[in-house]
Every structure is written in C-alpha cells, then in structure tokens.
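Okay, so chain A shows up in both of these, paired with chain B first and chain C after.
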Partner chain A sequence: MTFLDHLFIVVFISLIAISALRNLRIVDKLAPVLYGLILIMLVRMSSVAYGGDVYLSSVSLDLLDFKMHWQFTALSWYFAIITVVAALASAVFMSGDWGRQYREQGGNYGMLQLALIVNVFSMILLLGSGDLLSLFIGWEFVSWASFLMMVLSPTKLAKKSAVKYIVYAMTGAMALMVAIVMIYSVNNSLEFKQIGEVFTQMSTSSQLALVLLFFVAFAIKMGLLPFHLWQAIAYAETPGPGAAFLGAISSRMGMFTIVLVIVQFIGLGGLKQLGISFVNMQTLLAWVAALTTIIPTYIALQQHDAKRLLAWHGVGQGGYMLLGIIMFDSIGSAGGLMHVLNHASYQAALFMTVVAVMYRTGTSDLNKLGGLVTQMPLTFLVMLIGIIGLAGLPPMNGFVSKWLVYRSLLVNGQPLLFVAAVLGTLGTILSVYKLIHNTFLGQLRLEHQNVREVPWSMLVPMLGLSIIVFITGFMPGLILPWIASVQESVGLPVIAHHLGGIEYAKGGLDMIWVSGILFYGFGVGALIFYFLGGKSKRVHQYDNYAGGHFLTSDVRYHYSNNFYPGLMHLIGGWYRGSFKWLENSIVSVVSFFSIFFENIYRAKQPVMLLLIGVVLALFALYRNLGVGA
Partner chain B sequence: MKKELKIIQKERTNPLAHVFDDFISFCQSKSLFMLHYCTGCGAIELPPAMTSRFDMERLGIQPMVTPRQADILLITGYVSIKTLKRVILTYEQMQSPKYVIGICSCTVNGGMYWQSYATAKKLNEYMPVDVYIAGCMPRPEAVMEGLQRLKDNIRNDKKEHKGSAWKDYFNRYDYYLGNQQALFGDDWQTPTDIIAEAKLYDLETEETYGKHTKLLEKHQTPLLPQEMRIK
Partner chain C sequence: MNSLVLLVVLPLFAAFIIPVVAKFSPKLSLFTGPVVLCINLLLIMSAWIKVGSGSEAIFLGGFLPPVGIVFYIDHFSLLFSGLIAGMVLIVWPWDAKESRLYSLYMLLSAASFGLVLSADLFNLYVFYELLAVATYGIIAASPISKVPNSSATAASLRYLFISSAGSVMLLLGIAIIYTLTGTLNIAHLATMTTSLDGFAGLSAFALIAIGAGVKAEMFPVNSWVAEVYGTIPRQLSALLAGLVSKLAVILIIRMLLMVFQQQAAFDLLLVVGMLGVISGEMVAWRAKDMIRMLSFSSIAQLGLIFIAFSIAGSKGLWIGMALMLHHLLVKGGLFLMADRFAGHMGKLKGLAKHSPMAAAVFLVFVLSLLGVPPFPGFWIKLLLILNLAEQGGGLYHVAIATILLATVIETAYIFKFVRILYQKADADSTPINKNYSSSYTFAKLFALILLVSMLFVSPISNHLKDIANHSASPHIYINKILPTKQLGDRS
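Right, the complex of A and B next:
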C-alpha cells in the first residue's frame, strides 16, 4: 500500500460516505472533514512536489493483454492540491447558512454535496492516470461529474447549457478516443511514453491529425477558442459554491492533459515540425491562446450578471495559461502553470463573494446592486483582493504569473502575442472595475439598507482564499518549487527561483521588493492622511455632489446600466457573435439531418423500411457468402 | 447690513508656530483647485483665462470637478434663488479652508437683475465672499487680477486677516442661516450639519447659535453617516 493507495481509498470512502449520508444534516459538517482528510493524504505525498519520486499505485487492472495503472507525478500532485483546496473551501462555504438557505429554497443540497465529491473523485482519478486508458476513463468521469453539478440548477437555461456542455464534452471525448486508437494501432500499447515514440514514426499528415485530435479534446474542456461557447453560461448557472469550484479548477483538467500529453511527449520540436514556412503548430496554438485571452475577456466586459462576468473571465484566463506553456521556456511555462493555481485561488474567492452578495440581496444583476461596501465590508475586501489578482496587479499572485508570461513572450521575440496578452489584461481591468463598482461602490439602494455581512461559515473560506492570493503573490517562492518539479517531470527547462520570485539573466522578479515598495508608498500616504492632515469626518451618501443637486433616496446617482458607453461606441461594432452564429449553423445542419432521418425511419412506414433494410442486408450477406464460397 | 468680518484667533504656544503658519499659507496659496459654478454669462470669460492665452495654471490654479477636493468656489454671474440653494449646498460640501470668488456685477449687487424678484442680489449675505470681481463681464485680465488678489490674501492671512473669510461662516452661522431662511422658507436645510462641523473644527462662537439655528434644529433630520462595520 503506497500513499497513493491511501489517497484513493480516502477519496473513495468519502464518496461512499457522502452519497450514503447526503440527505442527513450531518453531511454539512462531515464533508469539510473529509476534504480535510483528503488534503492531509495529499500533503503526505508532498515530497513528489519537491523533486521526490513518482508515487505508483499498487492497484492495477488487467485488461486484455494490457495492465491499466495509476500514478502520481509532480504534475498530478500540483493539480490535485488545487482541486482539493478548492473543494474544501466550497464545502466549508456551503456547510453553514448558505446550505440552509439553499435547502429552504428547494435546492437539492445533498445532491450538490454528492456532485462535489464526485467531481473531486473523478478529477483525482484523472490526475492519477498512469496510461492512456486510465486517462480516458478519468476524462469521461470528469465530463459527467461536471454535468451532474451543472444540471442541479432548476432553471431552464441551466439545463440547456448543461446539455450543450455534455455535447461538447462528448465531442472532445470522441476526439480523444480516436487519438488514443491512433496510438494503439501503431504499437499495440497504451503507455504514455508511446505517444512520443509513435509520433516520431508517423507520417506528417498523421502527426497533424494526432496533435489536432488531442488539442481539440483538451481545448474543449478548457474552453479555448473556438470551443469557448459552452463554458461561461454553464458555470454561471451552477448553484453557488458549485460554480466557485467548477470555475476554479474543473476546466483546468484540459490544461493538465495539455501539459501531460502535448507538452511532455510531443514537445516543441514536434509542434515546430508541423507547419508551412513561418506558420507552425506552435504559432497556431499560441494565437489560439492569444485570441482566447482577448475575445472572452471582452465578452465578459459586456455582461451585466456578476457570475457570468466572472465565468467569462475564467474562459479568458485559460488563454494565459496556454500562452505561457506553449512558449516552452522556463519562465513562460512556469507562468502558465502558476496561473492555474493563481486563477483557481482568486476565481473561487470571487465567485464566493458574488454568491455571498446573492445570499444577502437575492440578485447578481450588476444593475440592481451598489453601495454594499458599508454593509458587507469583509466581502468587499475579499472581492478587492480577488479582482487585483484577476487583473494581474501587484502585490497579488495574478501579477506574478502574468508577469512571467509577458516576460517570456518578450524574451522569445513575440511582440504581437505580447500586445494581445496586454489587450486581454486591459479588458480584464475594465470589467473587474465594473464588477466591484456596480456591486460595492456608489449608492446603497433603499432595499439593501438592512443587508448584513454574511456569516462566518461563508467568510472563512473567502478570507482563507484571499490570504492565499496575497501570500502566494507576496512570496511566490512558496509555489515555485512545485512548478520547478512539474517542469522537471515533464521535461521543460526548470526555473531558477527563490522565496521572492525568480532569478533570470534578462531581469528577474522579487515580489518581496515590489510589494515592499508598494506598501511603503501606501505607508507614506497613510502617514500624511492620519498624522499630518486635518480632521476627517464621515458623511452620509446623500451628502454628495451631483452638480449641486439635492440627493434623496429616490434619485439614483449610481449609474451602472450601460457601463463604458464610450468604449462600446468605439468597439461595439466588433461584437458580432460570429462564433455563436457558427455554432447555431452547425446545430441547424445537424438538426436538419436528424429530422430528415427521423422522418424517414419513424414517421413513414417503418415496417416497410425495416423490410427493405432486412432484404438489402440479406442480399448483401448472400452476395458476400457467395463470393466467399 | 453687512457687518465687518470678525476673525477669532486662538493663542499659539508653539514658538515655531508662525514659521509653520507662514509655510502652510505659502503652500496653500500656491496650489488652489477651483470649482467653477457657472451660473451666468461670466462663465464665458473663464475658458480664455484657463487656457493658453492667460494660463491660470501658472498661478497654481486648476479646475476641479468636485467640491470635496476644491479650494475655490467660483460663482460667475447672477444667482437665482433656485440656483442659490445649489450654490449653498456645494459651498457647504467643500472642505475648509475654502474661498469664494464672486465674478460679475450680478453677484455684487444684482447687476442688471437688480429688479428681479427671483435673483439673490448680494452673495455675501448667504456665504462669506473672499473676492468680488466686478464688471459686466470682467475681462480675463480682471479675473486673473482677482485670483492674484486671493492668493495674496491667503499668503498674508496672518498679518491682514483677509484670507480666512470661510471661518466667518462657522463663527456667525446664525446670520447666514437667517438670510437663507428668509429666502427659502423656515424649513430650509442642507445635508451638511454646519453646527457639528463648527464644533469639529473648533470654530463655534456665541454668534454661531441664535434664533435661526433654533428654528433649524426643530425640523432638522440629521443624515447619519453609514458606519463600515461587521454586523
């Protein structure tokens, strides 16, 4: 029995326990304990993240002439710890008053808990996969587990988007299966290292097909362009903490497999040899990533529902991860990998703040909120820290990973990709400002005068996540050893790091200095404000300047509708919904054919058609037999 | 009738107090943000005064969009009674030290609207005015001259006591409030609690209170600030 077996056993027992007890109240308190146990099991395996040996599972299944097995590498561990911490935070968040309210509103709380543990189980199964077959099984599990969580919301839109998701996911799974079959057909083996060997033996066209099939499968999960349409609405419609969990980590399983398969076994050389003149597979993937940072981010800018805005950012930030890793150098890939953890930490925190606001006010419509900072100051603080991270500004962790990606793009001579990444960041900053302004700043509405701060069961996970956001930004050296081990295990150049950041010949980064100078600036400001300035006093929100107008509660001076009209005047024409159009046209074609065949088969003389079919089949069989004889 | 401004000075004990005061008033006079409440035709003389021809910024004066950050309130023309309410609201929202400049004859004595039933004739009956710039309308040169005068007043406030007219609003609030009530009616109030501010800034005198403030207290509904706390 290895530590990995212990982990699988604990996860499996948790799954059984939660599914058995899901309708009892005790599941509220039990679930966080179980996630804590899983976390302990993972921490016991932490040596793998500091350059230790790979953990192999002692369980293996004999299948035909093939042994299916499981293992935990540094890469698996890195993604697993993010998954489990996100699940722990979500479980604590829903364990108290949120869960009570969810039950009272008729939600199936036990099912939500079950969906969460099923997700964790299937993700750990996927992350622990040791060969292509176990990878495929984990992949299917993860797809259906996400579907289980999405479909819990009672709204019609949620059901529709969940079905849309599963169609996409099955398309991806089919692509993955075809790719696996392609590999199996060459050497009759499903080991991971076969990918690299088979790839070198293949013809160029087969290589291209293989890379594209893998990429399509993983890109669909990750929501990369042009497969980004399913994700945002499906995640946004998922109930509360479920959305926080899915938004934080679920789609990053695509990133995991990209690193595992494409980066590790096909590699830079493999991608570069597929191409014509200056366009090769690496540039193609880099531009897919760049467009993924831009387009979904600017779609997020247009949203007026807070959860959708965040979910669209989740799609957009995936682009940075791919953009970093596809550079294949030490800092770029470190940035891309680190962004997975960073994004998970602030995205979960941000989703939770939005759910907290919904818990108190009943809406996440940005046009119907405002001024909640006085009522919910700690939630505001968490959102502030979260959006600083999401926008990639110091001293939060989003800055570190984005800085690494930018640096790598510049060093590798990719100024256009750099401009694209910066454009994406610009859109992020604009839309997160919209988020915090429309929710927490400005005028408090009359109906929200009695809103209170959310209870501690919801505050603790939010504050915990925001502490992670800050600490890993202030001292990225806590995370960088894990990244370095991942890079080592997948054969990328390893980043040189220290507690404050990275060492790099062309200019390193020390976040302790950067944050120190930032806080020094704030400190000087605070000194002037609190010790040298005159007296200050608080004023009421209606004691405010509106061109001399006398403000009352019926006068709205908080303008949140149609935010950024000037910008939209400039770029509004670019929003054409081309991808939506493409998706709709494909859907129309498919439904046309399905109606056509349904009519032929079912509505028109089915018995007659069956008879014709049977006769034709018999005829063919007879002919075959005749030729054979 | 306009009374002489009576400035109440506190005893200073710090031996370097005058050095500090001098330095602070020097700095204050060199950096002024101006909120122009453009009520009438005088506003048209401000763009040339602000832009390259006369360049107000070389005196250290810049436009500002909110009263909270502004030092100077510029009233550029006739003040109708309806507008006066807004002007007073804006003035009270400004932070001390604050200065008022009345541009055009209309603010001095009603100008060509001296007969109008709907116009406040003398601005300094409703708020302390630092500098008047008369003319119909005053040329930008005159505007610049007036601003220069204000700067000198602020600079030499300790000697000449011309730059602290704003204290008068707290010192003799009852007088100003009385004039305001005479125009707007007895139920007049603004969101800002001037008496509380006078206490906060330590500027209250016996003339701060009077029958008008009593009248105000009767119907005043205070706007309590929203505390940021975890409930």
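Right, the complex of A and C next:
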C-alpha cells in the first residue's frame, strides 16, 4: 500500500459516505471534513512536488489483455491539490446557511454534494492515470461528472447547455479514442511512453492527424476556440458553489492532458516539424490560445449577468495557460502552469462573491445591483482582491503568471502574440471593473437597504481563497518549487526561482520588492493625505447629484447596459456570433442528411426495389453462368 | 445427445396440440408453452455441460451427410438456444386470452431453435420461413389495442410483403449455391469454397445477406422496422428487435464464416453496416417518440454488428457475439420499459420525478449503449474499434470514423430525451402507464444483469472468445459433420 493507494481509498470512502448520507443534514458538516482528509492524504504525498519520486499505485487492473495502472507525478499532484482545495472551499461554502437556503428554495442539496464528490473522485482518477486506457476512462468519468453537476441547475437554458456540453464532450472523447487507437495499433501497447515512440515512427500525415485529434479532444474540455461555446452558460448556471468549483478547475483537466500528452511526449520538436514555411503546429496552437484570450474576454465584456461574465472570463483565461505552455521555455511554461492555480484561486473566490450577493439579493443581474459596498464590505474586499488577480495586476498572483507569459512571448520573439495577450488583458480589466462597479459601487437600490454581510460559513472560504490569491502573489516562491518539479517531470526546461519570484538572465521578477514598492507608494500617499491637511467628509450613500440636480433614490442611473459606449461603438460590429453560426450550420448539415435518410426509410414500395434487384441479379447470373442454357 | 432434437420437436408438437388442449382447459394450454420452454432450458443446460469446449453433430433421419439432416451443436448454438428459450419465456403473453397466440409463440420458438441448430441450407431456409410465418401471425394476432387499427394492419401487411421478397432472395441465393456446387450441406460447402469464388458466388452471398437482412434490420431493407415496432406490443418489439433479428444475423454469419471467407463478402457487410449505423442514428436523431427512436437506434446497432462481423475470422465472431448479447440486453430492456414511456416525447416531462427508478434504469441502458466506461458497452466498443484499426485498409478506417460520428449523434438525441425525462412535469405530461409491471420487472432484471456483467468483463470476454474460436473454425465444423472429408479436399 503506497500513499497513493491511501489517497484513492479515502476518496472512494468519501464518495460512498456522501452518496449514502446525502439526504441527511449531517452531510453538510461531514463533507468538509472528508475533503480535509483527502487534502491531508495529498499533503503526505507532497514530496513528489519537491522533486521526489513518482508514486505508483499498487493496484493494477488486467482487463481484456489491457493493463491499467495508476500513478501520481508532480503534474498530477499539482492539479490534484488545486482540485481538492477548490472542493474543500466549495464544501465549506455550502455547509452552512447557503445550503439551508438552497434546500428551502427546492434545490436538491444532496445531489449537489454528490455531484461535487463525484467530480473530485473522477478528477483524481484522471490525474492518477498511468496509461492511455486509464486516461480515457478517467476522461469520460470527468465529462459525465461535470454533466451531473450542470444538470442540477433549475433553468431550462442551463439544462439545454448541459446537453450541448455532453455532445461536445462526447465528440472530444471520440477524438481521443481515435488517437489512442492510432497509437495502440502500432505497437499494441497503451503505455504513455508509446505516444512519443509511435509519433516518431509515423508518417507526417498521421502525425498531423494524431496531434489534431489529441488537441481537439483536450481543447473541447478546456473550452479553447472554436470549441468554447458550451462552457460559459453551462458553468454559469450551475448552482452556487458548484459553479465556483467547475469554474476553478474542471475545464483545466484539458490543460492537464495537454501537458501530459502533447507537451511531454510530442514536444516542441514534434510540433515544429509539422508545418510549412513559417506556419507550424506550434504557431497554430499559439494563435488558437491567443484568440481564446481575446474573443471570450470581449464576449464577457458584454454580459449583464455577473456569473456569465465570470464564466466567459474562465474561458478566456484558459488561453493564457496554453499560450504560456506552448512556448516550451522555462518562464513561459511556468507562467502557463502557474496560471492554472492562480486562476483557480481567484475564480473560485469571485464566483463565491457573486453567489454571496445572490444569496442576499436573489439576483446576479448587474442591472439590478449596485452600491452594496457598505452592506457587504468583506465580500467587496474579496471581490476586489479577486478582480485584481483576474486582471493580472500586482500584487496579486494573476500578475505573476501573466508576467511570466508576457515575458516569454517577448523573449521568444513573438510580438504579435504579445499584443494579442495584452489586448485580452485590456478587455479583462474593463470588464472586471464593470463587474465590481455594478455590484458594489454606485447607487444602492432601495430594496437592498437592509442587506447584510453573508454569514461566516460563506465568508471563511472566500477570505481563505483571497489570502491564497494575495500570498501566492506576494511570495510566488511558495508555488514555484511545485512548478519546477512539474517542468522537470514532463521534460521542460526548469525555472530558477526564489521566494520572491524568479531569476532570469534577461530580467527576473521579485514580487516582494514589487509589492513592497506598491504598498510604499500607497503608504506615502496616505501619509500625505492624512497628515498634510487632507480633509474628508462622509456623505450619505443617497446624497447624489447629476447636472446640479439632486437625484432621489428612486431615480435609477446605475446600469450595465451600454457600459462602454465609446468602445462598443468601435468594436460592436465585431460581435457577429460567427461561432454560433458555425455550430448551427453543423446541426443543419446533420439535419439535412437525417431528412435524406428519413426519406429513404419512408420509401413506399421497398418491395418493388427488392424485386428489381432480384431480376437484375438473375439476369446477370444468366449471362455469367449460363444457367438457363 | 440426440435428445437435443427435442428442442425443435417439443415446441412444434406443443404448437399443434395447444389449440386442442385449449378446447378442454384454457389454463392448461396457457401453461403448456412455458413448461415446454423450461424443459428445453434444462436440455440446453445439460447439453452445455456435456459438449464442454467441443462440439457435436447430430445426424437425423437415417442418412449421413451431405444427404441427411444434421444439427450442429456447440456453445455458440447452445448459447443462442438458451437465449431463445429465456426471451420467449419473458415475453410470454400471459394476459392474452387466445390460445392461437400460444401456438404461434411455440411455432416461433421451434423455428428459432431449428434455425440456430441446423447445419444445412435447406433446413435453414425451412426454419427461416417457419419463423417468418410465426412472426406474421403473432404481429397480426396481437395489435397494440383491441380496436381494429388500420395502421397496424397496413404495417404488418407491408412487413409481410417485404419479408416475403426477402425470402425469395434468400431462396434464390441458395439456388445459385446449389447450381454451383450441387450440395446444400454447409460443411460440404465449406470443403469447396473455391467453386464459390467469383461473381456468382458473391452474388449468392449478397442475395442471402439481403434476403435474411430483412429480418436482421440490414440497411436497405429495413424500412419496416419503425412502422412495425410502433404498432405492436412492446414485449413483441423486444422479441423482434432483441432476438429474431439476431437469428437472421446468425444465418448470415454461418454462411460468411464457413463458406464465404472472401474479402468482397466482408466489404459488403462492412458497407451495409456503415450505412445502417449512420442512417439509423441520424433518423433516430429526428424521432419524436421513444419507440421510433429505439427502432432506429436498433437499426444502427445491427449495423454495428455487421461491421463487427466484417472482421475476418474468430475475432469478428467474438466481438459480434458480444455486441449481439449486449444489444439483446439493452434494446430488449429498453423496449420492455417503453411501455411506461410510450407516446410523444413531450408528454414524458417529469417522469424522473414520478418514478426515479425507471429513469435510473433507463440511464443505465443508454449509457451502456453509448459505450460509456465502465459499462460493458464501452469495452465492446473499444474492442471493436481496436480490431477494426488492426484490419488496415481504408474502408475499415472509414468504418471507425462512422461509428464514432454515430456515437456523437446518438449522445445528442439520447440526452435530449433524458433532459425531457428530468424536466418538470407540465399540463401535457401523462402519468406513466403502470399496467405492464411484469415487463418492467424484466427490464430491471436486464439492467441488473448488465451491471453485474460489468464486474466480470474479463471472464465473460474470455469465454466468448473461446466459443468464437471454436465456432469460427471451418476445420472443426467439417471434421464433426463430414468426418470422412478432410480439409485437404477443399480444392
């Protein structure tokens, strides 16, 4: 029995326990304890994240001549710890008053808990896979587990998008299956290392097919362009903490497999040799990543629903991760990998703030919110920290990973990609400002006058996550050893790091200095303001004027519609829904053929056709055999 | 061993005496059939043990082959005999008050047993026709409602037409074979496959395949499927889709494995299989009620089975057999459940809330049908695709792409349906029909078997592999039936 076996056993017992007790009240308190236990099991294995040996499971399955085994590398551990922490935070979040309200409103709380543990279970199974078959099975499990969580949403639209998701996921699974079959048919083996070996033996066209199949499969899960349409709505409409969990980590399983398969076994050389002149597979994937950072981000900018807005950003941020890792150098890949953790931390925190606001006000429609900062100051603080992280500004952790990606793009001579990445960040900053402004700043609506801060069961996970967002931004060196181990285990150049950041010949980064100077600047400003005659006067929240006129509180001036009129005037014409059009046209093609086949089946007299066939056959035989002669 | 002849004789005899018995005691006539089937099951079990991993040939009528009648017994034929007995028992019309229906079911079982056991083409044809006649009778005798229903009559009439056209083709194919070789004993034919090479032999195979394909829901000749399944009782649909279609497949497969081991024949099956898969799934995608959806999905599954059989040798039989058994369980189960789910899909909203168990059983079936791990369907699909990839040749790769594309379409329509089940009930929703509790019980049993077999994937697959290795070998077949002829005579 290795530590990995212990982990699997604890996860499995948690799954059984929660599914058995899911309709009892005790599950509220039990679930966080179980996730805590899983976390302890993971921490026991932490040596793997500091350059230790790979953990092998002593269990292996021998099914139909296929050998399946499981293992935990630094890569698996890194993704697993993010998963479990996100699950723990979500479980704590829903353990108290939120869960009570959800039950009262008719939600199926037990199913939500079950869906969460099923997700964790299947993700751990996927992350621990030791060969292509166990990878495929884990992959399917993850797809169905997130489907289970998405369908819990009561709205019709969400259910529809969940079904859409499962069709996409199945497409991805089938692509993965073909890729696996391609590898198996060469050496009759499903070991991971076969990917690399088989790849070198293949013809160029097969190589291209293999890379594309793998990439399509993984890109669908990750929501990369042009497979991004399912994700935002499906995630946004998932009930509360479920959305936080899915948004934080679920689609990153695609990132895990990209690193595991494409980066590790096909590698830069493999990608670069596929292509003509200056366009090769690496540039193609990099541009997919760049467009993924831009397009969904600007779709997010248009959203009027806080959860949708965040979910679209979730899609967009995936682009940075791929963009970093696809550079294959030490800082770029470190940035891409680190962004997984950073994104998970602030995205979960942000979703939770929105859910907290919904808990108190019943809506996440940005047109119906505003001015809540006085009512819910701590939630505001969490959202502030979260959006600074999401926008990638110091001193939060999003800055570190994005800085590494930018740096890598510049160092590698990719100015166009750099501009694309910066464009994405610009859109992010604009839309997160819209988010916080329309939720917490500006006019407080009359009906929200009595809104109070959310209870501690919800605040604790939110604050905990925002502390992670800050600490890992202030001292990225806490995370960087893990990143370095991951890089080492998948064969990437390893980043040189210290507590404050990285050492790099062409300019390093020390976040302790950066943050120090930032706070020093704030401090100087505060000193000047407070000690050199700065005078402040408190005004009431309803004491508002426009054009010299007093605005009474029933006059609404706080909307998210047409929030950036100048910008929309410039780029509004670009929102054409081309991808929706693409999706619809695929459906139309399938419909066309379906109708065609339906007409065949509707043929009135198939018998006549058969008889004609018989007569023709007889005639041909007569000529051939001379039977009649 | 000769007692196995009783498998055919007993039900046939019962079919003739049931009307007479019914005159005296309707109760007795109702129980005659199940008793006969139970006796048959016992016979099959004892033969299963006796045969072991070998096989036996039974010579009937005092003549030795190639002239006399032969039954060939191995685990493959015994497995399907057992399934026939079990399946007919499950769909036995307990609540029908007509003894003629009992007779017809007995006739159907006799013909089915004969079909899987016979080792010569003439008898195969006879039993096939007998099966067809019994099926027409049952369809005509058991309309979905007692009110005369013009669409049901039209459907069964059209089924009769197309099925008899199929029989003509089958007969023609057999005639060509006889012209070419002068024998109808399959073992004897297996010794002279060379004379069946070429266009004439292939056209004979094509005629047999398409002729029997009418019942096997093969692509161009399956337009009856949705219409007929839509108008007959669901238990009968389960029987037709689950079992009778497989029997026709077995006829085709025997010919393919023993006599027509040629690439062109494989390619033919592969092409009709692919067309069946893609067309079935696509039409099912547009279906608006569950029976129609299941019917076309059944067509697609049969297409999958044909694709499997286009893999040469015992591997094809192995995977095909696994697919057949899986489809029997899943589609049989789904049709048995369909009683509770009948009607336009839109009316089924809220069903999951009303009876969560039924929805869960439905989910188990469809997930296995889609090939989601860890359900048995996944392993079968994986094996099928891996083996298709090993075949090489462009057509096989097209088949892989077709299967996977079809799976995506299948996912789309099945989950569109599942979504409806889990929606909130509204004014249109009809409460579930609870009258057919017995068939629902059997559906639950099927689901249970499916779940249990999930745990024994490896042993089951090894067992099927052994059966396939034995049954797919023409050498053993010839040795048992024509001990004097050796394979050296094959020229």
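As a convention for this text, the second predicted complex is superposed on the first by the 585 of 629 C-alpha atoms of A that agree within 3 Å, B and C clash if a C-alpha of one lies under 4 Å from a C-alpha of the other, contacts with A are read in each partner's own complex, and residues count from 1 in each chain.
The rule we apply is simple: a residue touches a chain if its C-beta (ideal position, glycine included) is under 8 Å from a C-beta of that chain, and two chains touch if they have at least 3 such contacts.
Keep in mind that what you see is a predicted model, and the values were worked out from it rather than measured.
Shared-chain residue A:S594: touches chain C; no touch with chain B.
Of the two partners chain B and chain C, it is C that touches the larger number of chain A residues.
After overlaying the two complexes on the shared chain, residue contacts for A:V43 are found with neither chain B nor chain C. In the superposition on chain A, A:Y542 makes contact with chain B only, while chain C stays out of contact range. Contacts of A:A617 after superposition: chain C is touched, whereas chain B is not reached.
In the superposed model, A:A526 lies in contact with neither chain B nor chain C. In the superposition on the C-alpha atoms of chain A, no part of chain A is touched by chain B in one complex and by chain C in the other. Chain A contributes residues 373-375, 377-378, 444, 452-453, 534-535, 537-545, 547-551 to its touches with chain B in the complex. Interface residues of chain A facing chain C in the complex, by the touch rule stated above, are 62-64, 136-137, 140-141, 144, 151, 156, 159-160, 162-163, 166-167, 170-171, 174-175, 177-178, 181-182, 184-185, 590-591, 593-595, 597-598, 600-603, 606-607, 609-611, 613-614, 617-618, 620-621, 624-625, 627. On the side of chain C, the complex with chain A involves touching residues 158, 161-162, 165-166, 168-169, 172, 176, 179-180, 199-200, 203, 206-207, 210, 220-224, 226, 278-279, 282-283, 285-286, 296, 370, 372-374, 378-379, 382-383, 385-386, 389-390, 400-401, 404-405, 407-409, 411-412, 415-416, 418-419, 422-423, 457-458, 461.
Against chain A, in their complex, chain B makes its touches with residues 37, 66-68, 83, 85-87, 89-90, 93, 96, 190-192, 197, 200-201, 223-231.
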